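There are structures below to look over.
In the two complexes below, chain A is the common chain; its partner is chain B in one and chain C in the other.
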Partner chain A sequence: MNIITEIKRMANARIDGSAECLRGIRSSRVILHLITIGVLAGFLLPLHSGVMTSIKTPSEFAETLPMVPPNIGSITIEPWTVAFETLSTSMINSLMFTIPAMVGSAVLGSIAAYGLTMVDWRGQVGIMSLFVAAIFVPKQALLVPISRFWSIVDLQGILANLGPLNLWALPFLQPYHATIFELAVYHTVFGISICTLLFRGYYLTIDQSLIEAAKLDGASFFATYWHIIRPLSYPMFAVVCIFQFTQIWNEFLFGLVLSSGTQAAPATVTLNDLNSGYAQLYNRQAAGAFIVAIPTLLVYLMFGDKFAKAQEY
Partner chain B sequence: MSLHNRVKNRLSIVTGSQKRDTRGRIRELLWTDFVQSMPFWLPPTAMLVIFVYGSVLWNMIISLTDFQGISRPEYRVSNFDLDMYVQMLSDPSFHSAARNTVVFMIAFTAICLVIGLLLALLLDRQVKFGSVFRTIYLLPFSLSYVVTGVLWLWMFNFEVGVINTLLRIIGLGVFAQHWLSNPNLKLLSVILALVWQYSGYAMVIYLATLRTIPRAHYEAAKVDGASLYTMYRKVIIPQLSSAVVSISVVLMLFTLKAFSWLYVVFGRNPGPAADILGTMMYREAFAATNWAYGAAIGTVLFGITITMLAPYLYWQYKRGEL
Partner chain C sequence: MTNLAFDNVTKNFGDVQAVNNLSMELNDGEFLVIVGPSGCGKTTLLRMVAGLEDVTNGEIRLGGDPIQDQRPQDRDIAMVFQSYALYPHMTVRGNMSFGLQQSTDLDADKINKRVTDIGNKLDISELLDRQPSELSGGQRQRVALGRAIIRDPEVFLLDEPLSNLDAKLRAEMRTELQRLQNQLNVMTIYVTHDQTEAMTMGDRIAVLNDGELQQIGTPTECYHEPNNRFVGGFIGEPSMNFIETTANGDVLRRDGFTYQLSEEMTNTVTSGESVTLGIRPEEISLTPQAEETNEFTATIDVVETGGKEHNYYLWPEQGEFQTPIIATVNDIQRYSENDRIGMVFSEEKIHLFHGETGNALHYPSRSREVAPTPK
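After this line comes the complex of A and B, so read on.
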């Protein structure tokens, strides 16, 4: 229900476009509406036919038109249940590294942006360039060292021999969680750069006199962060976390390299296996695709305006 | 030097007899913004430098060896050479991957720029439900490539796929194509699917820029009796140039990373018609265990990224936006 009210709210909230400014200039509203609806239908077509296919039986999706709903009598949820069974453990894996990495990258991004924004010193732009460039570095430029590193360092073995403690003997911990930990670390570190950029964009808009006043009152650099910047950052934390959640959840390549074929495989990797496993079962694949997409879709539909805002920086 | 420091210095001149001694000096040094801000920016910067740039450097070093995964790579300077890069020059699959990467980069970015602009202008004219439409156009951008890859495999399916079915319905069945296996169409299909996913991104950036155009500009043009077409050509579109630059850089750099979608749709080898450097690198390193060669392709990708990014960063710096 929450999503529906949110959509309604967004529908009612007018966006302040140039529509008003251009009013009075002759143009055909009808044509405008027709184009809009046509484009919208085109955009939704892949999603729509995916949903329709996912509730059809194999014989039906082979015989009926892909975008037409199935006959009421023959709707099946079997593709969804089978796909969910295959995907459920890897969905949990995904959550296990997505949430810590989301929080970690947001916090580190926030403090880095504070350190780099609120101070005037010469190296600032240089360091900022390092951050911006890191956003765009292709993962292909790092994959060989990453796989070399983890073939030398046996994290699972190390964590099994922490002095007298065998971490894997503790309840709820499994040896494959070592790989999940690796994924969490990589996603945290690779998220820092974009998070820093987002926070920096926001901190530059904060009124400097606020900071100066705090400093004149004797507040330390840390106290200024804790008492002034941190509370002001909460809206931005929401934006950054939403963005990072979708980014990390959707990521495929690190998951493929670090965890393919293991119990630690994230949802995207398992979905791809499902894809290559059942070549002709499009209904099951489509259902799987939506199951993997649900967490990001929920976040996106609930906080779509924040997600859009993150792109604008 | 920040205002804060200047004020503090002046205060210390007036009041600061206790700060005259050496200990006071040290304390004052420790109070400078630079030192105080270090605990904030240094750890994240160090993590980034070690994990990202350290890996890039290591990758470059591996690319100088001839490591193939049998024994350890030999990290001896006498053993370093540019063999892998020489091999690239005469490797036909590198040629096709590089060519596809460039074609993909330019065509994809250009189409996204145009479609994104049309979407943004459409939305900008619309008062009702604008936000819902924006949400829908940006929605594919929030999905994983694995998800969109699966959906587009179905769209492009020859027998029962959506595109061919639609063509047959409107009587153009002769145009039904093997979208994902015909070498002449492969790259086009990839571009079509990714434009669907990415034009919403271009739209959002355009929209944000459109909102910054001062109302007075519209008013002035209206007073001058500008037609709608003139309004767009002379008032609105010229002001979007900074958005065009930002979108182009982001999207072009994205195409270097479009690996996941291709991997999901085509598997390890998209074939010479759709192979890009990103997919080739993965295949060479992880399927053929030509680790050094893969590392060399990775280094080339990094080089392209930096070459394209550096002028953009400089441009941003000049505009005071960095």
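After this line comes the complex of A and C, so read on.
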């Protein structure tokens, strides 16, 4: 709207050649740009301060303002290397449960939403309301039951005795991976409800006659999902994957509780180890925070374009 | 020879009766148009044939076999949806071959050949590798038809297929659909709310109202010999004029309006009962002045000028009419708004309907009497 009014005003200004009007536009432009720059600076300043902090020595950090760049001579990358060394194993741990849980909850959510939205059957409203209710279950309330559950179910022991097979004897597998498996299962299950709701909202906008046409074309229930609904869901998969990846990757509480006493700690938990016992090492923490944020950014970049490119009906 | 029979078919949605005890039969190769106002149950009827809705009661038989319990894909029917329902992520080729891939075990080469054949037939062969979003409305329509034709079904179901097209394209597609149907000679059920489409396309038309079959017959029959007031009013544009009167001996009376019946016509009505007099706009003639019996003085309210025909909206001076009488006349007669003129309701042109039941008591064209409905 604003742009259109402005164009009209510019056109008028050109027609009467009124210098006053032009000046009016210029000053409003200047104000607009100033506000934009101000807001941008407000958003970027903390980020900038973070980067500056991460390349300063602790003593320089103590002596200067956070946003002031360090002296060229005293720039250090030591916080980044230390942070990376500390976090690398736990980042791999995080990826090992985040990716399966993201894919699992998205796929299961999509299938559940298909069954609950595109097919008519008795009692589906009741089931759907259970899904919705599950979204509002507070995580804290699940903390004790889930951790008790995994301490009763000895997953590590079970996987060690799968018939003649000891899973942990296989290459690349370690006993602590059982904890990662637990986290993956927890995040998948916890994510299904919100994923179902997101997919359902999308499926309600899909023309129901597509399903009917597929039915008449002879496609079975699953063939319809596979050939019609799944391909149409890609934009929604991108949304759900971004959302789930961010949620699961940034989760701290269950990562802390389930991984305690094992080597399975996720990145969010290990971030805390960057503190030395005596002093707050802000430069390492800042570097660590950036390193932990990188995978989330990559996921946004990966799925962002699919997210924007929706199918047309 | 296949025929499709509906035997006392009823469909309820909860308490709402969408289709009520409907029976009719279609012959091989026939083009039947189901027409009626929105919500009359015509689409529901079509969807029951397709298997997209259950039949509450009654039987639908295709070639003698009941099909209402078969799965849609086993019924050997194909449907064109109002929204076309083209799969948006598949090319035209993909859309057309999907049904064959899912329901037959033809190999890819055979399917491709069939797609190419149908593409040529429908003049869409150069569109085969495009996405539906890259097609115009008329092209999508063709693709949707192609998707139905390619499966070589026993019955085609078309659900208001032309309603999304602009007027000119609609007229073109109408002709083309008819040509195609003649060529393929497959039984077709075509649902529309547009009586012009029904009149021009159908071998026979079935008029539905409130879930009940009002009449099934050729367009000419439905036009000239409507079974009841609803059919009379629904078929024909502008619609038939209705004048509610009471029979009184050999006249039909309404306040100051009196219509004189001949002796023969008097026998079709019962004195004292209410009778609706119907006359089509194109059957009214206009004279400069009402002089004879059954000529009525009226004032012209509005004149709608058309190229060939003009519609006159007329307020009769007598009879306290709530709606104007519409008369359609050709170019030779020209009158202006506010003129006082005479309308001629000649007895050979009028329809008589029972005032309460709406059933026809008298048709004009063949001067044939209908047996009065038993009381």
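Convention: the second predicted complex is superposed on the first by the 256 of 313 C-alpha atoms of A that agree within 3 Å, B and C clash if a C-alpha of one lies under 4 Å from a C-alpha of the other, contacts with A are read in each partner's own complex, and residues count from 1 in each chain.
We take it that a residue touches a chain if its C-beta (ideal position, glycine included) is under 8 Å from a C-beta of that chain, and two chains touch if they have at least 3 such contacts.
Everything quoted here is computed from the prediction, not taken from an experiment.
In the superposed model, A:285 makes contact with chain B only, not with chain C.
In the superposition on chain A, A:118 contacts chain B only, with no contact to chain C. Taking chain B and chain C in turn and counting the residues of chain A each one touches, the greater count comes from B. After overlaying the two complexes on the shared chain, residue contacts for A:138 are found with chain B alone; chain C is out of touch. After overlaying the two complexes on the shared chain, residue contacts for A:189 are found with chain B alone; chain C is out of touch.
Judged by the touch definition given at the top, the superposed model places A:170 against neither chain B nor chain C. Looking at the shared chain after the overlay, A:72 reaches neither chain B nor chain C. Legend: residue contacts after superposition of the two complexes on their common chain; A:253 is shown touching chain B, with no touch to chain C.
Once chain A of one complex is fitted onto chain A of the other, the partner contacts of A:231 are limited to chain C, with no touch recorded for chain B.
When both complexes are overlaid on chain A, the residue A:304 reaches chain B alone and has no touch with chain C.
In the superposition on chain A, the residues of chain A contacting both chain B and chain C are 212, 215-216, 220, 311-312. Taken together, the chain B residues at the contact with chain A in this complex read 1-4, 7-8, 33-34, 36-45, 47-49, 51-56, 58-59, 62, 73, 118-119, 122-155, 157, 159-162, 165, 169, 196, 201, 204-205, 207-208, 210-211, 213, 215, 218-219, 222, 226-228, 231, 236, 253, 256-257, 259-260, 263-264, 267, 277-278, 281-282, 285-286, 291, 294-295, 297-299, 301-302, 305-306, 309, 313, 317, 322. Those residues of chain A that touch chain C in the complex are listed here as 207, 209-210, 212-220, 223, 227-228, 231-232, 311-313.
Chain C makes touch with chain A in their complex at residues 50-52, 72-73, 77-79, 81-83, 85, 87-89, 98-99, 102-103, 133, 147, 151.
In the complex of the two chains, the chain A residues touching chain B come out as 7, 10-11, 13-22, 24-27, 32, 35-36, 39-40, 43-47, 49-50, 53, 61-62, 65-67, 108-109, 111-112, 114-116, 118-121, 125, 127-134, 136-148, 186, 189-190, 192-193, 196, 208, 211-212, 215-216, 220-222, 225, 246, 249-253, 256-257, 268-269, 271-272, 275-276, 282, 285-286, 288-290, 292-293, 296-297, 299-301, 304-305, 307-308, 311-312.
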